[in-house]
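Naming follows writing order (A, B and C), and every chain is counted from residue 1.
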Amino acid sequence: MSKKKRQNEPLNYSKHILPRLMFWFAVIMLFFPIISIVIYSFNDSKRITIWRGFTFNNYTKAFFDLGLREAFINSLTIAAASTVISLVLGIMSAYLLWRFRFWGRTFYGSMLSLPIVVPEICMGVSLLLFFNKVFGGISLGSSWPANLILIIIAHVTFCFPFVSMVISARINLYSFDQLEAAFDLGANEVRAFFDVVLPFLKPALIASAMLAFTLSLDDFVITFFTSGPDSVTFPVKVYSMLRFSVTPVVNAASTILIVITVLLTLGGMAVQKKVLID
Amino acid sequence: MIEIKNVSKTFPNGFQVLKNVSLRIEKGEFFALLGPSGCGKTSLLRMIAGFIYPDEGQVLIDGKDVSEVAPYQRAVNMVFQSYAVFPHMSVYDNIAYGLVVDKISKKEIANRVTEVVQLVQLEGLEKSMPSQLSGGQKQRVAVARALAKKPKALLLDEPLSALDAKLREGMRNELVKIQKKSAVTFVFVTHDQSEALSISDRLAVMRDGDILQVGRPYGVYEKPETSFVADFIGSTNLLPARLDDNNLVQIDGVKGMAWKLDHKWPRDMYITLRPEKVRLMVDAVPDKSHIMAQGVISVLVYLGEKTMVEVKLASGKIMKCSLSEYERKTISSLKMGKRVWCFWDEKDMMPLAK
Amino acid sequence: MKNMKKEKVYKKPAFWFFSIPPVGWYGVFMLMPLIMLWAFSFGSTNEQFQVVLTWTTKNYLTAFQPIYLKILLKTILFSALATAICLVIGFFVALYISFSSPQWKPFWLILVILPFWTNLLIRVFGVSTMLSNSGMINKLLEFFWNKIKILEEVLGWQILSGDYFEPYDMLYNYGAVVAGMVYVSLPFMILPIYSSLDKLDISYLEASLDLGASHTRTIFKIMIPMIMPGIGFGIFLTFIPSLSTFLIPDMLGGPNAQMIANVIQRQFGAGSNWPLGAALSFILMYITFAFFFGHMLYGARRDKR
């Protein structure tokens, strides 16, 4: 008997026409805008949507654009600083919730999820208001890096609760007995924390550091409200370029940001895999 | 009547589950598909239900080719291993689900539901939600739901495996009763040989996508056609044997053999011997009319109604021997390391090709 | 309980060491600004253009004037529309992925998640170039338009009016805003639906088909009720962020298609009416909280059943 082509078995919805069509439609829809940005970053034209031939000029222009370069350095500085501070505060916060029982503990724990619920725009304007009234202006100084301090404060404020939640998930797997064993062997609070708790948290530390770094690097709305004219981050700079002169240089700058985020995420995943295997 | 004709099936990942399987299940019988797990029983059942289609061959229900007919257009219904009782519907709605689909009048549906609820003894639980039911009750819902459709056959995939041992036995008898009352063909999948033997009118033994033997439970047990069937259905002793030039069977270390087979049997073969047919004698030699072999008791396990003994024969082979409580009491000094005689009769042995 | 927290005697300094920095930071930089914003929403501007706290409800009354109320209602309406579109597309995409063969599944998932690693600003910029008059969609339409024109000449019929292609204005209206919200939120709808579909025991669907139900009936009566937690979470993750989206209407909607976030931003920028902006912010926050707690209550009630 020769094998004939059989029809699809009934319970395989991936072979049905509607899911199939929707999937490919969604994938094309999701990728098309991003890919077209990347393609037009090589466009040899002043306009971004009319193709005039291939060039690397936009990248050289983006590289020699002082404003872009400054914004880029600002973004990396802010991300690095807020990651470090968020990590310290996040670890303390998670350890506090795990180790100690105190008045208002449940309240504090649930308040930590506020940044997830409070709309970004509301957080942005509240910080704008706060900085304006308390510090009397939008920057603490005009010289680098003092001009970035307020943005760093804003970023830490929405990053560290996320760090705390990631670390809490890990620390809750930790046995209290281990800590007591350390005390029993003569360690004090500080030594016990650094010697036995912190090593256990390593995978969560790396994951939350990656998370904080990307959150900070990617943020637009809150930064938009807390940045001054002399403290601009990469996304804010790209936004103002889009506002005033849309040239393929913006595409080149965007492409650089896309590549950085993808590399960061892939790198983070690789590091995490390695840590989990060790 | 369900007929499977030369069916083969290979999954997309290249694994061949069914290899040229043919089978005929008669109307109204309780048929068991028996085999070790992974042998393709569920796949065969799902093919009858219509969830997978054969690559080659045909599936016929009442003489009609349904090989590629969708499950909702087939007159057979299934009881799933996990029961698949819809958690968001009451017992009544679960049982009525298949009838509502058929656009039967509300009154007729109510009648049919009452009927099957009585059949499976779920009276009073119609309004309960599945989360309030025990495992055994959920199973009854699954059976009732399928039977309400008055199917030509009910397909049951290891329905007892998720129940605990006590409940399993009760439910086993219950299923037989339901089958006899409803007179629907039951196709029952199991990997438990004692379940298959006790419950079915006929059974098929499967291995690696092949059907090895089909028959009545007694016949398959008494006359296994392959060493796999002999070993899988109950336990057995497989003794390597050869035929000499006079077609007499010879087994190493066994005395009193004068058993002649016809010349069709190959020279190298097996003899099977059920453990419960082997008797033991300590401190004496059995009567010359028996076939016998001497050895040392290496394992002794008391199981309540019976005692399992393993005797290491002089040839190095292990002879398994199952003693009833009565037999055990007649032998006084059963102990590990004791020299004993195993003996049995010629009619207890079955020849098997290698 | 694995992690019974034992009542442990501890030294006070350790507690203060671990509690002051995070709790302090949170109080000063998270709660204080929000409290100030809340106080501002009851303030008014005096002659010196300074805001003083007068406990007036005037700002809230202004916020419920038709011009603002209309935008508020449109915000809710178009967020709901975007969520509904996401739900339909997301359901089928999740269905496709969860029924794909195991070796393709992770690849399809990455494909859906990948765009959402890129910066929001860039994604919205991408959508705006797509929708612009010289963007890809208009180019595609022009291509077909020209083909039909050639066909017209061959057949001698008149199907399309005009001698050359006029690009469609797709940007700077609510349609573009909804498209942007769908674009940005789709992965958030797909992932929760996918994860509950993937956990769903296929036997339930098989049992339904086996009992004679069609695919449509099986999907609506069995599959959807059983993956409701995933669908609810997907709606939550799409709808709530859409309510307060600022960048999407800012870049795709322009002045004609604003959402509430743009109005708030204007009060803190050019409009410079901080008390009104604060009141609008809190109205937006209350709406968000209402939907948030509504979702939680719904989840709790469903779990109890």
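Annotations
By our rule, a contact is a pair of C-beta atoms (placed from the backbone, for glycine too) under 8 Å apart; a residue touches a chain by one contact, two chains touch by 3 or more.
Only a predicted model underlies this, so the values are computations on that prediction, with no experimental measurement involved.
Chain-to-chain contact here is organised exhaustively, every possible pair of chains being in touch.
More inter-chain C-beta contacts link the pair A-C than the other of A-C and A-B.
Ranked by distance of CA centroids from chain A, the top chain is B.
Chain B and chain C have centres, each the mean of its CA atoms, that are 57 Å apart.
Look at where the CA atoms of chain A average out and do the same for chain C: the two points lie 18 Å apart.
Rounded to whole angstrom, the centroid-to-centroid distance between chain A and chain B, based on C-alpha atoms, equals 59 Å.
Of all residues in chain C, those that touch two or more other chains are 101, 206, 209. Across the assembly, chain B contributes 50-51, 70-71 as residues in contact with two or more other chains.
Chain A has residues 10-11 in contact with two or more other chains. Chain C meets chain B in the complex at residues 101, 201, 203-204, 206-214, 217, 221-222, 225-226, 305. In the complex of the two chains, the chain A residues touching chain B come out as 1, 3, 6-7, 9-11. Residues 2-8, 10-11, 13-15, 17-19, 21-23, 25-26, 29-34, 36-37, 40, 89-90, 92-93, 95-97, 99-101, 108, 111-112, 114-115, 117-123, 125-127, 129-130, 132, 134-136, 183, 186-187, 190, 202, 205-206, 209, 215, 240-241, 243-244, 246-247, 251, 261, 264-265, 268, 274, 277-278, 281-282, 284-285, 288-289, 292 of chain C touch chain A in their complex. Chain A contributes residues 10-16, 18-23, 25-27, 29-34, 36-37, 40, 47-50, 88-90, 92-93, 95-96, 98-102, 108, 111-112, 114-115, 117-123, 125-130, 133, 153-154, 156-157, 160-161, 164, 172-176, 180, 189-190, 218, 220-221, 225, 235, 238-239, 242, 250, 254, 257-258, 261-262, 265 to its touches with chain C in the complex. Chain B makes touch with chain C in their complex at residues 12-13, 49-51, 70-73, 77-78, 80-82, 84, 86-88, 97-98, 101-102, 129, 142, 145-146, 149.
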